[in-house]
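So, here's a batch of structures to check.
In the two assemblies presented below, chain A is common to both, partnered first by chain B and then by chain C.
Here is the complex of A and B:
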């Protein structure tokens, strides 16, 4: 288990973080040379990704935990005084998904940001954000996590307002700053309370001392940390700021905010609940997490159905998917954790892809407003294909990746229901209904952006340049691969990460020396047996057969249609679309017209929801503070 | 040498499963036959003579030979690929459903997988319609999606109820296990706790297939067959075929969930028995309903499924849990 000092792997995590921060400063030094800036940023994200990818073998497969003491300040007499970087399979899992998204989005932004002014500061902020995010998940020190949280938040606020000419962006950044500071304050206060109780900030040491020592102070600390990280993951009711921020930021940044930033919140919640306080065994904490998850899931998906802007819609879906992850993690079973983590990586991939396609639409047409778009499939075939892959993935259409993770989540919730209360069966139902509504809202996007009637104003629109398409295709390929080979994913990536979540003893011992956990931990038993037992069966390999059939079919149909529809260049009445006598411009079916029967029946609820989301910062702050108060009260009553 | 032989035999076996039985060929033939008896019976109930049983097959063959017109405003690739995607996924779905104890994919199908697979053909129709650029198709696609949202809630409740009933102290999503449980005890249709769920399922089937009282998406008299309005020739033929196959898939699913495990000991007789069940279910929930009722409006459909049908399924779920 233990690494000697000269082992080269030890230095990789800290180097991965350092590269990004150093890159951020070097970009500024490059000044006006755009090429140099791009090269520096690209090198930084690639090096960072490579360093973490090299750790897969020692950490994920061999099961080591890397502990790196900054400045070689090792623990003295059982007290960790130095700052530690501690990488177990869980940290590495989040680190990997972060660096993948960061790298893809970075290469995408070369072309995408060409139209913007003030590009000099873009990569500085971008790399600061990436470094902050990576710092959070790799750090083994609670205060360090808080510092990184602030670095990340401020970089994200700056990037949200990057297009300063856009008043929405400025407003979104302001909201983000204000509401986000609730989260930061809670996290800081929670950290201070933990420090006061444990006299240490090292995660591993706290994990050994704190569990089993619940007193009013630690309960308050738990509630505050939970609310703080919850705010960073934009869980309900912190979700409205996410919608504004994702919608207004440049798409390449939305990928980071949605796919990566929110994951740090999830990571924080895992560390707080499963490690620091080991409170996940408590039914009350499970219930809280599942309840918040379900609310986020359902409320945000219904809000998404109401949206008229491509990116805002995606933003609400992002919180809805975070809801799935939180629900699944809240089950505290091996299957649940695996499902949650699987969905976390899938969400990063498909949401990244969808935001990038939205960015391409914006790049090509200058708008993301659904009612102004239409019929882009003929002009942007590749973007359409990419969008469909992303949409199928998020809606959980087999064999794309979203299906597999949702399927594990259904199994996990239903299994939990069998072992406990029927309430968890209703959680399964909520998950499935949310999934259908997700599909519906992507049908809406597909219809009003890519299919449907073409908008004549969008004359000479075309696919984005190669530099933007390649990162999208990489993400799309990953979406398909993670869906087609779930066995490999579970064995090499998800399985070790799941085991790491349940193995806080190993985490403690790696940092504090073997036997430390046993000596200090009140109850060193594992929370749940780290076994993955499925209650159903699914063989994605059989899907290869389907793919062959589909390919054959498409080939066949292209042959058939070529043979049958030979026609001249000029269009005639036979090939015109049937409008039933109306003129084409008066019979447009736009996104807002869809799903009338559904909206009519739920008009009370939907109307209430859109009335409540006022867009006023004061209201959202009120929600945030109320939620924090409720969480604190709940924790005091039930823990 | 042996291994080589087994491999080739396996591949041949799978090829037979996928292409002939219970895959492509068989589902096409039997689906078209079900569509035929449905049309015939509805006609007899309305005091008409009705078309010959093979009429859907004739229609299909005739459409294959017709010209395929792609409208000017259409997204060509999606428009042409959608019907084939729907057909392929339906054929794959059949492979997951046990027919007379015969399951093509050995380890047993999975109810949730089937639930998701079943959305793909409908999704293909929505995308195809949407890609045609016609406003009628736009309305039709939107309504079809509302139909999906309507039946998905009761369907998942039914699946959970059956999964709990078949799981004993645990739960299961495996159709193989559900059938086995019924084989060891009794078909679920005889279990009083699951009767409401079975009735709910009888409503879900025509909605999922898009049969008459619930065919808001196609609604020939209002929106000219909705998503199909611009289709012609081979793609239209494939959509019609998919519609027929869906009747078979859904009724076979009903047979597996509620009439499973009825066995005579002979495989071919079991298969014939399943087919007979499928035909009966078709007559009860599709032909009968078709003949005696008028089409629901969209919002009525949604309301009906989220209140009455879901209520029935929920009653079953609660009964299974607490009785």
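Here is the complex of A and C:
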């Protein structure tokens, strides 16, 4: 592995970030010309994506780490005085998935936002949000990460409240602003404490100085940074604001908030736990992360079962999937990290797809309320197909991508349990149960939105225009491709990123000069990079053969039995006996009723969960502050 | 607020008249000396933008509406930001890194013009903050002026009685 990088490539990360910001301001200059605004935004996201895609070869495949010092202010006598942009495989991995989601959502919103007025500032905020997110994952400087965090948060708040005529949107934006500021404050205080301890803000140098030097100040800094980034990833006690924000924001923005915004929190937690403090080796930190992940996973999926709004339901599922990622990253094994990162990219793809289908339903029908929808499959066939791809992916049905990443996560938790810590077997159980509940709630959505009887009020709905379908099909294709070629993904994308997570020595040496890590690292544990061994992966090819055989068999059976059964029965004839031959009345089985037996038996728990999600900002702030206090206390007791 | 309250502008207006140039000069001074003294683009920009507020205090909304164009200010802010990035990119064009100072041998240390590209970037930041904060102040003033009790076209009736307004 060499750290010398070709000169041309070095400028790409900073250009990728700056293109988005310059695009944001050029959109403002374009003023009232809508076409110009769209072209500028499209060019900005495409250029940004291309620049990062060109980095795949040097960073992912050749294993270089790009260190770029702003204004050539390189480290002097072992002190990083300048601001660095440092791109290793982990940063590039997150950068790529961010730019893919941003590009798809951007093209989708050309048509989608046509229904709104005052669109002038939409792309400004949109590109600001994208640029902020990209700045976080590519930056090599702790304070710059904080600044970008703020840029990103305020742009996201502005976009949440974009439909200002909607009082829910204003309220959600307010909640988001207040609760999000807890996270920002924690991150800033943690950054300040780290700076006071290390006298530097460079991530690489902190990673060399800080590990092994745990004193009360650094423990407090760790807890605050953890809580701050956790708030940005909407982990368990911070999750209700996500649901409100997603429900109220335009769908193309929900893609960003769910698929992209939360990833910065995950990225921040990886950087803090694996690099800055290297505290991931401690059992207590692993337990904390896994515990929080499991709570997020389970609580949010049960909340999702209770929802009656398509987008709120998706929002809760989004946090549930973040729980998977956090759990998997908390295992601190190579397999666990690989599973978490794989699930991160899959989550961005299928959740983006699902939010865009929800947006299409909203675009066509004007509502996302499950009880008011129904039978859209016949009128919106493409949207239904896209939704099914997304739903199968998120529920972990085999040929789609969710299956493989969840499979790795089950394996990783089970491996951990087999390795002695038997409690992780319970984690595996929670993961599987959550997956089942995810499938259940998507059956509910599919039933009440796309299948079932058509709502007669929705007369002439049809598939959204081509401009909205193409980005959705791109995401759907990526969902299928990442599921069908897991070996390629593991070798070229996930593998290097996983190796980068465990290779903090390389990260330090790339920035500070070779040998710096050896000289300064006090605690050499975790230095050896564990091997990425999978105890058995699935073969998509053989599964496909099986699938085709079963499909042919079903087809053959139905073909053979076609002649002699169900002859003469009209479509509604089986109900005729109950209605005396009259035409069956419209009776919509509402989304809330499909699992009524299940929900009835769990009414104590579900009712309690509904009651505590009061929707009052004060309560959510109380949760957030309590969670921060608990995390701080836990870190002090156990670290 | 009493309806027949009449705003006596003379003192406010003449003070605004005399403070406006001072605020602007102080702001531009801080921007220009960003490289050799405390402060810089951001602080100077905010100081200079207080001119908008002085203009409002002295001349009311009408004065602002005739003197300043919100839309143009919004665009100038974007131009300031783009100018910053372009000056920063000069480093890349010259074969160095982003943000690199490429005019480094310009003047003695301590001179006004001694920081090369950094000064240019500083001026761009000052311009951006001046227009940005000014735009924000205009937005806030606009919000104020649409409150009930003001005239329907969004102007604040500072001299209601003189103009024969509907004072009782």
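As a working rule, the second predicted complex is superposed on the first by the 581 of 639 C-alpha atoms of A that agree within 3 Å, B and C clash if a C-alpha of one lies under 4 Å from a C-alpha of the other, contacts with A are read in each partner's own complex, and residues count from 1 in each chain.
Here, contacts are C-beta pairs under 8 Å (C-beta built on N, C-alpha and C of every residue); 3 or more make two chains touch, one makes a residue touch a chain.
Quantities reported herein were computed from a predicted structural model and do not represent experimental measurements.
Of the two partner chains placed by superposition, only chain B is touched by A:397; chain C is not. With both complexes superposed, B is the one of chain B and chain C in contact with more chain A residues.
By the document's definition of touching, of the two partners only chain B reaches A:600; chain C does not.
Contact with chain B, but none with chain C, is seen for A:407 once the two complexes are overlaid on the shared chain. Looking at the shared chain after the overlay, A:290 reaches neither chain B nor chain C. Of the two partner chains, chain B is the only one touched by A:439; chain C is not. In the superposed model, A:68 makes contact with chain C only, not with chain B. Applying the stated contact rule after C-alpha superposition, one finds that A:26 touches chain C and leaves chain B untouched.
Legend: residue contacts after superposition of the two complexes on their common chain; A:18 is shown touching chain C, with no touch to chain B. On chain A, the surface touched by chain B in one complex and the surface touched by chain C in the other have no residue in common. Interface of chain A with chain C (complex): residues 10-11, 14-15, 18, 21-22, 25-26, 28-29, 31, 68-72.
Touching chain B in their complex are the following residues of chain A: 375, 377-378, 381, 384, 388, 396-398, 403, 407, 410-411, 414-415, 417-418, 422, 425, 428-429, 432-433, 436-437, 439-440, 443, 446-447, 450-454, 535-539, 542-543, 545-546, 549-550, 553-554, 556-558, 560-561, 564-565, 571, 574-580, 582, 587-589, 593-598, 600-601. Touching chain A in their complex are the following residues of chain B: 14, 18, 67-78, 80-81, 83-85, 87-89, 91-92, 95, 105, 107-113, 115-117, 119-120, 123, 126-127, 130-136, 138-139, 141-143, 145-146, 148-150, 152-153, 156-157, 160, 163-164, 167, 169-174, 176, 216, 224, 229-230, 233-235, 297-299, 301-303, 306, 317-318, 321-322. Put simply, chain C touches chain A in their complex at residues 71, 74-75, 77-79, 81-82, 85, 88-89, 91-92, 96-101.
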